[in-house]
């Protein structure tokens, strides 16, 4: 079994980086050291209260020098509580969890992220650059508007970035799938994370173009470690055994697009 | 009906003043203005979480210049959460609640407080001094040891203070009832708040000496405003109607000692 | 856009679906500093019995995770003083008032219903059947479909007003009880009353409540309440009133979508005494914002 | 002072009363980074049926106030692969293992019990009777005393090992079911399984769980679980195993004082995967600090 830790990290930074979007940096040497791009952590948000009860899954945004970074959007109680946490406080993390992105040599690494889906892609981009420094990489980012293009500069430090916005306030006026369609030609490997309609679009284009495509999924999770069987998505193809479903926390969150029902 | 408010106060100070004991000052003009000694407030400790669920009853320790002060001990989840609140944050208060101390002219006002029971007595002492400046007042405070004699200096500013400690580290080595028995002679009115065995002792001595005696009680409370009927204590004497019990939040928290079963 | 927030419980028209739950709102009076009572759909007053009851010894309440246990023991002034003293005050409140009744026997219920039927200023009767039937060895009326139907029947016969029957959740199949009381002719069903629960003080090794067992209420029970409202609304034709842990506007909408025509706010009144009034305002705004023109559109939309 | 933390479930001696609950601890393996499994009283593995089951479509879990709803749908590999694949791994864990079984019919239960009786490395069988009886129109076995007793009877007859029967809390009178299965000869009773609950997504007006209704677990249900353990322990002579919202050491002590001989930790494992091991350590310390020399002194001390 892969190494997993329950680690109390010290919050080094917790700040706003976009609309309702925060970034938290945590000193957590054990998890940071073991982390692979595409993996996630389960974060305890509730202190001694039983409401909220469960940990919250968040992708590993960066993992460098003993410091794990999370990028999160306030959507409910748990993420709101996280945004109230202060530098110096402890936070309990469980991780690294799940199966991340698979890195293979390819002519062209294309990272396609929408909205908060950019969270795991920065770690991935940095790893590609570190481990496969000579290979071509392009990063495509989408958002509703220019403000929703999160941590853009961080990506630009790693590789060339192309952007699309729904309102045209920056980059291509339109969907990120259109950007992908226009800008990328020839063989490539796609890594994508974002809202589910976006990933569907990206996966279908990839199938069309014969690009291998890895998608990073989200589902509701109770445990994050394969114990509750709560985090299912359906496998592509019909099967009436217990193998009909895969578990996002253990078999994923990253899957080959063809493997599952998107 | 007496004036009651639901008021969001601003925390001006929240600091340790003794073993596990904190003092919180809150700008809350409406409640402060309406407050009488012996009354209490119901404090929301849970923010948007439903655990802890209920407000916590705390006596009004001071009420001056728009500022309400609470003195509280960390005994569980709710008070612990209170101690984490920071200056500048808001806190929701419901109050002032209940029937406080009755001030009548008397030869000698004796305030007898043990442990956290001193909380409502400071406000009372100040009111006696303000409204009945010519009458004699003595304050008797007890605690396990000198550290548990809380906010002693604040009392000493108002009137002469006598102390007793269980371990003899300050004042009389022994119970506060012994101190009361030794030091107070002649007619007096007793106001007491503290652990239940202490109040029993004080009330029994008062009965013996024919002193009017007001006691301030604590029970579990859900609403603090007479709606849940949860906060009962038994009335002295037997009665099989609904009048068998009184409600601490509405009929009290201050009672004539003879009125209830202590 | 003008929206219609009103709902009907039989012939009883409520300005909006927000009611307060029995035993959590006193006789209304206590809340006048915080809520404009006439803005509410209705208030339900503390349960009334034939004779005054002292209630249980303390401790009567204890907090649990996202909930509380109570064993008040149905303390009340009895129907005589309720009529002479409380109703006089209640009529001045400007609220629609539902009177909650409870008994030890069928005769109790019959007499209570008869006595209250002559009293002015009552909009409806709500019958609490979670109480023990003393003749049947203390088994709660509400746990047996036959007994529940009998109580419903005697009250309906004595009342010229709408009769709401309030179900106990401590049963194997709530739909059986619901169908039985519907057959008996009640106007509406309200649910749920509290779940039976317990807590122990480990320092003293004694139950935290003097009565040992108490009723669990608050957000903790909401999923159970919502499930039962959904189940009951699926099988009866009469209006269902949802109760159990309702605290936020989202909770109100959930219960209505599950099939509730109205809702009652209970424990939440203790946490925020202004909550019922806030929900009335919030509900109207929700309808406006969501582009629905009537409250009734919401009712049971999950069922369809 | 040397303390004896052990307890007995019939002939089965547990080093301490801390077990893990079925469906919340996988097959144990997932927790090896966080807990020394051999330090636990026992682990109970995910429920096993005769044939593999895919389980329900997603979403399968949703959080509620101090609790969660699940509708996993009893996904499992089936008894054959359980025996050949899982048991091989489980035997290496060094833990005392209780196997939880579930069926659609009496025959299922009989066959499961028979198949497992030959398998090495199983300390006891726990029978989940909260499942629907397909022959009886889907009414859960655990809601009817006769059906519950029949299941208990067939499993007891096929098993040479201790048989624990796990009760559903969704019943009017838990003591009736408990007495019925005691009569049928089970070694112990565990309770409670989850309460039936529901949640609605108001944006979509659809239930949050694909299965509509799910099982409520976690701290929210603790008061109900504790009450039922207390009630059952008051009427049966066999050991009772307490389950429901147990998270802290205080919770463990409460359940034991209410009459539980051992406890199972469920949802809390998701919040803190190390919790079961921490409770083993904490329990020993509690006994030492409280001056009790044996765990058994605690059992049912509220009842006395």
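We call the chains A, B, C and D, going by the order they appear; numbering starts again at 1 in every chain.
Please note the rule applied: contacts are C-beta pairs under 8 Å (C-beta built on N, C-alpha and C of every residue); 3 or more make two chains touch, one makes a residue touch a chain.
Only a predicted model underlies this, so the values are computations on that prediction, with no experimental measurement involved.
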| item | value |
| --- | --- |
| Relative to subunit C, chain with the most remote C-alpha centre | A |
| Interchain centroid distance [CA atoms averaged], subunit B/subunit C, Å | 36 |
| Centroid spacing, where centroids are CA-atom means, of subunit A and subunit B in whole angstrom | 54 |
| Centroid distance [mean C-alpha coordinates] between subunit D and subunit C, Å | 34 |
| Multi-partner residues of subunit B (each touching 2 or more other chains) | 50-52 |
| Subunit D: positions in contact with at least two other chains | 65-67, 218-220 |
| Touch-based graph of the chains, sorted into line, ring, star, complete or other | complete |
| List of subunit D residues in touch with subunit B within their complex | 65-66, 219 |
| Residues of subunit B defined as touching subunit A within the complex | 46, 48-52, 77, 80 |
| List of subunit B residues in touch with subunit C within their complex | 1, 3-6, 44, 50-55, 92, 94, 219-234, 239-245 |
| Contacting residues of subunit D [partner subunit A, same complex] | 23-26, 29-34, 46, 52-55, 57-63, 65-68, 70, 72, 75-78, 218-220, 247, 267, 269-274 |
| Touching residues on subunit D, where the partner in the complex is subunit C | 64-67, 69, 143, 170-173, 195-200, 202, 205-207, 212-213, 216, 218-224, 226-227, 230, 245, 250, 253-254, 257-258, 301-302 |
